[in-house]
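You will see chain A twice below: alongside chain B first, and alongside chain C after that.
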Partner chain A sequence: MSVVRQRVFRNAYRDSVELMRIAAEVERFPGVIRAGLVMCTPANLAIVAEAGLSEGLDPTAGPNDMAVALAADDDTAADAAFERAATLMRGAAAEAAGEGQRFVPTTISEALADLPGANVALISTPGTYATAEAMKALKRGLHVFLFSDNVSIEDEIELKQLGVLKGLLVMGPDCGTAILDGVPLGFANEVRRGGVGLVGASGTGLQQVTCLLDAFGAGVSQAIGVGGRDLHEEVGGLMMLAALERLVADQGTEVVVLVSKPPAPSVAAKVLAAASTATKPVVVNFLGGDAEAIRASGAHAGTTFEEAAQVAAGLILGSPLPPLEDGHGNPAELAAGLVPGQDRIAGLYSGGSLASEAKVVLKGLLGAEVAGAQQIIDLGDDEYTVGRPHPMIDPRLRSEKIEEAGGDSRVAVILLDIVLGYASHPDPAGALIPAIEAAREAARRDGRGLAVVASLCGTVHDLQGFVGQRAILADAGVRLVASNARAARLAGLVVQHTAMRGVPA
Partner chain B sequence: MLANGVRALNIGLAGFAEPISAAGAAVLNLDWRPPAGADAELGMLVARLEDDPDDAIGAAVATANRTALDRLLGASPFLIDVQPAGDAIPGLQGRMLLHSGPPISWERMCGPMRGAIIGALLFEGWASTPEEAERLAVGNEIAFDACHHHGAVGPMAGVVSPSMPVVVVENTTAGNRSFATLNEGLGKVLRFGAYDDSVLERLRWFRDAFGPTLSRALEATGPIDLKSITGQALQMGDEGHNRNVAATSLLVRSLAPTLVRTAREVDAVAALDFLRGNDHFFLNLSMAACKASLDAAHGVPGSTVVTAMSRNGVDFGVRLSGTGNAWYTAPVGVPDGLYFPGYGPEDANPDLGDSAITETCGIGGFAMAAAPAIVRFVGGTAADALNYTREMYRITLERNPAFALPPLGFAGSPTGIDARRVVESGVQPVINTGIAHKLPGVGQIGAGIARAPLSCFADALRALAAQLHVPGAT
Partner chain C sequence: MKAPEPMTTAAAGAFPLRRFAATRISQSIGSRLRMPGGEGTIEGVYRSVVNIRWGEGLLTVAHEGMGGVPNGILVDPPIAFDQIGLVLGMRAQCDGTALRVPGASMVVFLAAAASWSPAMPVVRGLTMAGRSERAEQALKLAAEQAPPVGLGPLLVGLMDGRTSVGSLGRASARSLAKVVEALAEGQDERAISAALPLIGLGPGATPSGDDLLVGLAAGLAVTDHPLAPVFAAGVARNARGSTTSVAESYLLHAGRLEFSEHVHAAAVAVLTGPEAELGRAVTAAMAWGATSGADLLVGLLVGIQSSAPGVAGRLRACGDEGNVAT
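== the complex of A and B ==
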């Protein structure tokens, strides 16, 4: 049999909301069936009466008095509930307010309130959402560094047209690297600052040229990536042209370097026309493109990244420059130990532009037919990166491919790039050593030799430690040369050497 | 190359921020997530509507919003009179009743609204029994329309009939007027669908004595500045929606001397007694003031500013300044809250009333920081109260300097809800609300906090985008 009880607290004003909150807690108390806490105004007393909780209530209770009215299983439960209510009323005031939560901005417009004057947006969201983020950033006056891939070429064109309209850079999509006023964005190396400004439609190409400039003793004012499709016919080099204009106007830039795979002819013509009217020397590297057309426009040509860096550094520092250290390597020495039938290069690249450069170098050295038979793979290509990180971050796929090459009786040389710098793996050389040793061991068991040739794309200031990385590779018997072009050439010479001597001794 | 060096926002991979800050440049990591609930197409629409002086669409939206906001912040709502609704409200003619929320037919009305309609028909003498009233309502003899279509707002069922006295509020900046019935207090009241004799008796007293008494007092006092009262009340623990005790007291203090001088003693005593016992009397004035301010901001082509949020117990509806008189609706839910003894969520009607006009205007739930007591409705702390307001800054374009919030360093209340921000961030406007019993006549059974459904804002934004010929908008 349940009981209905009340307790009146005289002159105990509480806000009705507070009272409802306490009532809800009291109602959860064991043995309590129903509870109401009210100031004893006529209206509230009517509510209590309708709830069937008013029987026996002290009739002298008035508007300044607070009543706890409840139905409980028995008197013991009711008394305990009154104590609970009294405790809650006392404690309610003392409840710690605590620090208010701070909202981390989730959108660009919110973030602009938190970082006024923001001028660059780095966007690395899934491609599905990247266009919208880039558009909002541009509309709010920010340059865009668009690392995301899977952005359609239609969206790229629209974004770049908007960028041109607003005088803003759209670096990307699928842009890996930039250095703006000495600040690295994405995958970039710690290079000295100086007078060479670069625009690149290729990420690792830009990294290679900036690192080699550093090695030659020259520095970088700006490096602006524009994404691999910028010089396609449809996009028309919108950003390379805009960036070139910017670098010509940039006070810190004395020499401009343009880097791209061979552009569409109409785009190449536009870019060279712009270069020909530039008021600063322009060095153009259209990887494997028409060097004569470049020279005809009045620009300097660099057929490899190394040559582009050397020419640009020469223009800054005064020609001629001595060649880089590390020589070119001795193909005969590397070919020792190879057996008949080992006539292939396995070029296992993490940098797409470096892979392209290797193909160009090999084509020049070996001719199209032999070069075409070589296996030069860009492991950063979409077909290898579905569902896994880029090989510059995650060495596992490349390790597998290196071990596979060790088991392939036709492979004479494994050709590698090791890319240092921000965002890359913390120890890219060390991460590949077990695979290199396993490949060597497999070849040895099979009575074959195996040459490994590599170049380091990095500087002594990169956080991975250039010297340490070099030592790790040298200790593992990897032949290191100063640039990717040299590494590709050396690999080509090894293959050529084995072919010329026929059956080795 | 960049005027002040690199200052970067990092959207996506958090690691990209490290080299930037290592190089000594400023960088801010966003807590990014796919916008617009991962609806890429809708997210793109928001991007195309983003402010941009160099882009035709972006410039149109930015300019329109500036105009709407200036009108909203510049509004000066004054209480000027109390008059019968049929005389004061344009278009309220013949056998017509107004109700809260987006338009709705009798067939779809919820219990409390039907109860209020029956009560109004009895009160007007158009029916003499509830059964007769219901027959009238079912037939085609009574016209129903939304309060919002007539410059009016009503809490809960919001039913307005021609004989009911309404407050007349004038925005002296733009000259537009708004209207609201007189608040009946708690307990059995028409707005919760009650229509027994006590309810009708009170309405008759409103009509015959209280309304005329207030009108005479106002004539002597002159217009009363409602914005100023709300501004003061926000510093006294009110938020202008669910807590009105301070504003009611301030209003009564202004009215009492002239009321006593201009009314018969019996009327003055009755009026002051009623006001003393009704902490929510100012709510209807607060709502009318907000309506007068927002109506001034309504109708600016291209503006994404929300000018009405309202519920009729079935649908939740919003209007944008730039989309004219169209309503964008979604089913309305039951608020999260606390209940009077003996009631629970199973008794609750889905959310109801035009009172969300206060939140639309930047007070109510948006000014929760001013009224920590309110947050107890959902078992929150004083810190939670601040956070409700902080969260609303994320979806509003302005801070109203007239409504300073002491706990936030006297920051202005978050004002001017931008449908773009709501859709992009997914932050739902917070609404303080009373909870009505789902059966007519039972009345209020609790109070709590509701959130506006996102799809209304998305639909409104799509319609606005189509008007502006945004690519991809239909």
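== the complex of A and C ==
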């Protein structure tokens, strides 16, 4: 027999997101059947009553009071859930009020007064305000890590020109990743320190290269994101050039890696000219770019993120390196259960640069026409993130797409990236398993096979646990390979294999 | 044995005197505040805002960066209020020249403050079609940034006509559709009755339904809708005791067609601003509170085009029980 109980918190306010988060957590508590957390306005109490959770509610509860109302298996479960709710609310209150924590500044001036030695400002305001804040930071002599997007290219140019003038870095706008003196900013992985300095106009590209360097046994001195537009004609690579100059001068950096989608030709020429005069080896990965032009400048070319990492690690460690473990996978084995008509890859990506790399790899392998017919989606793109968090944080949209792909009779391979590290979902592999199993089941019911190929972008030191994440995917029958480029290639080979054998009987 | 110090004294001892200069005072409260002998009680303390129960209303002291509030005083410098020993229940006094909270040694000097009008300006010169076109443009921008909670999904549902808007969105859309229909027919009492289920509805310190109603009143006011004064006043009358103090205060001022500065900015930008300014205004609006911006924009954008054909129908479609996840 279940019980209905409420607890009223007098004169308590929390914002709506906080209320819903706490309510969801209470509802997940063992023994709780359903729960709600509302301000006790008449309208909200009517909803609580409709949900059957109002019986016994203190009639003196008023609009400025907050109530946790729940149905639970028994009184013991209800009491435990109320305790949990109270703890969560205390936590939220302390967070809101800054209780028990050090002073949290609200302006750059306050922050500098509190920490006079600071030399970097991380700005993550809505784009409208970001330029002004970045400008203030630069004028106060701070490097800027600009996580915000929706900053106009005109503002970006102005900020970067000021940065150049003052000898400061402007990392961004829309910069997702950096590791400065070992401190990760934004989405970044726990990589070993070492002699490779990186500059990237590519967020997950930078993450992939730093993680693969770690896997090869090399370490990172600095990883400087510059924002995806830095190598556009209008911006002119201002920050890639400035960062390159810094890394060449940096005593802790022995080899420099530059990562970007293909730059504007004039900017590529400028960057390669600067690389050619560098006093340290420079490895250049312009995704889908002209490797010959890179080599002609005297730099080392890495056509994929993996190759860039392998070349850079080899330069640091003193010898060409053997390939990473995890092999390349066997396309014939993966194609075994496929039936006629399964000729498509569903590449469902959380990392934009990784999706771009997959397209480049598939184009090289399958040719432009066949590669163009594949479905390689960056689910972090603006069109997919309206009203919801980025897929590296929230796996729900990707799970939906995986299930959809399972129901599509043309899909032979689901291709995934699983990105670990700071700011990513705490269990990105585990969160996708139910969808992967549902997709497989849908295909099986339809008499089809379905291959799932993935790469893990992370290191053994990442919070999510690299080994555990790998085991979760392997247990679910996901074919894991060591890099995104390999995963894309394996998916392409599966499709190619089925085509070449006239599709298995 | 020495008796323990009262908490307020201990708090005051731990923090130096905090002196603020009021930079702007809302005209709506200025005359009341400058009369000597006023007294109130601290009811809420946040980083940038202090709410003081002042007679039957709420007085808000906020950092200048928060923008004008109809019931408020803006102050400088932006010292965090939650770090200076203000405690709920502390007494606040005003002698006409300064507002003081003796328990926390806080003083706000009023003399140099400018007067700011919270009355919503009226934007004229646009046809209904023109207003509607601009509101739709703003709706599209807002939908792109809408949060997945509060009435964010309703913004998206109104824009694309197919997104699931959730139970709160459906309930709000149904009520709002009835309000819009009644307003179109000139039925002020029916519009007020239809709005009542929205008062105090939803999560948050300012429940989503209240933010929506403030936005709706603002949309009607800025377009000089003939029923704006009577509708807003009717909603305000009914809000007393039916929602949180903060939301009630905003609704009471909305009842006099008085709104926060950021609501003015959004309403005017929607109707008159160039495209870039509209984008900035929508983005800025989305940054208000956790969901308040999205909630308020639903009301504002519906209010601006309340007489346009099809608005009520779209709301009804969003409020339909069949509106579930697509």
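Quick notes
Everything that follows uses one rule, which is that the second predicted complex is superposed on the first by the 400 of 505 C-alpha atoms of A that agree within 3 Å, B and C clash if a C-alpha of one lies under 4 Å from a C-alpha of the other, contacts with A are read in each partner's own complex, and residues count from 1 in each chain.
Please note the rule applied: contacts are C-beta pairs under 8 Å (C-beta built on N, C-alpha and C of every residue); 3 or more make two chains touch, one makes a residue touch a chain.
All values derive from a computational prediction rather than experimental measurement.
Look at A:150: by the touch rule set out above, it reaches chain C but stays clear of chain B. Contact with chain C, but none with chain B, is seen for A:39 once the two complexes are overlaid on the shared chain.
Judged by the touch definition given at the top, the superposed model places A:180 against chain B, while chain C stays out of reach. In the overlay built on the shared chain, the residue A:332 is in contact with neither chain B nor chain C. Of the two partner chains placed by the overlay, chain B and chain C both lie in contact with A:17.
Touch criterion met: A:121 reaches chain B, while chain C stays clear of it.
Taking chain A as the reference chain, the count of touched residues is higher for B when chain B and chain C are set side by side. Legend: residue contacts after superposition of the two complexes on their common chain; A:139 is shown touching chain B, with no touch to chain C. Of the two partner chains placed by superposition, only chain B is touched by A:252; chain C is not.
Shared contact residues of chain A, touching chain B in one structure and chain C in the other: 15, 17-18, 20, 41, 43, 47, 96-98, 103-104, 106-107, 110, 125-126, 128-129. Taken together, the chain B residues at the contact with chain A in this complex read 1-13, 15-20, 23-26, 28-35, 40, 43-44, 46-48, 50-52, 54-55, 58, 185-187, 242-243, 277, 338-342, 373-374, 376-377, 379, 381-383, 386-387, 390-391, 394, 421, 424-425, 446-447. On the side of chain A, the complex with chain C involves touching residues 11, 13-20, 37-39, 41-44, 47, 62-64, 96-98, 103-104, 106-107, 110, 125-129, 150, 382, 386-388. Taken in their complex, chain A has these residues touching chain B: 15, 17-18, 20-21, 23-24, 27, 34-36, 41, 43, 46-48, 50-53, 69, 95-101, 103-112, 114-115, 117-126, 128-129, 131-133, 135-140, 142-143, 147-148, 162, 165-166, 180-186, 188, 221-222, 246, 250, 252, 422-423.
The residues of chain C lying in touch with chain A in their complex are 43-48, 63, 78, 80, 82-83, 88, 143-150, 152-153, 156, 197-205, 207-209, 241-246, 248, 279-280, 283-284, 286-287, 289-291.
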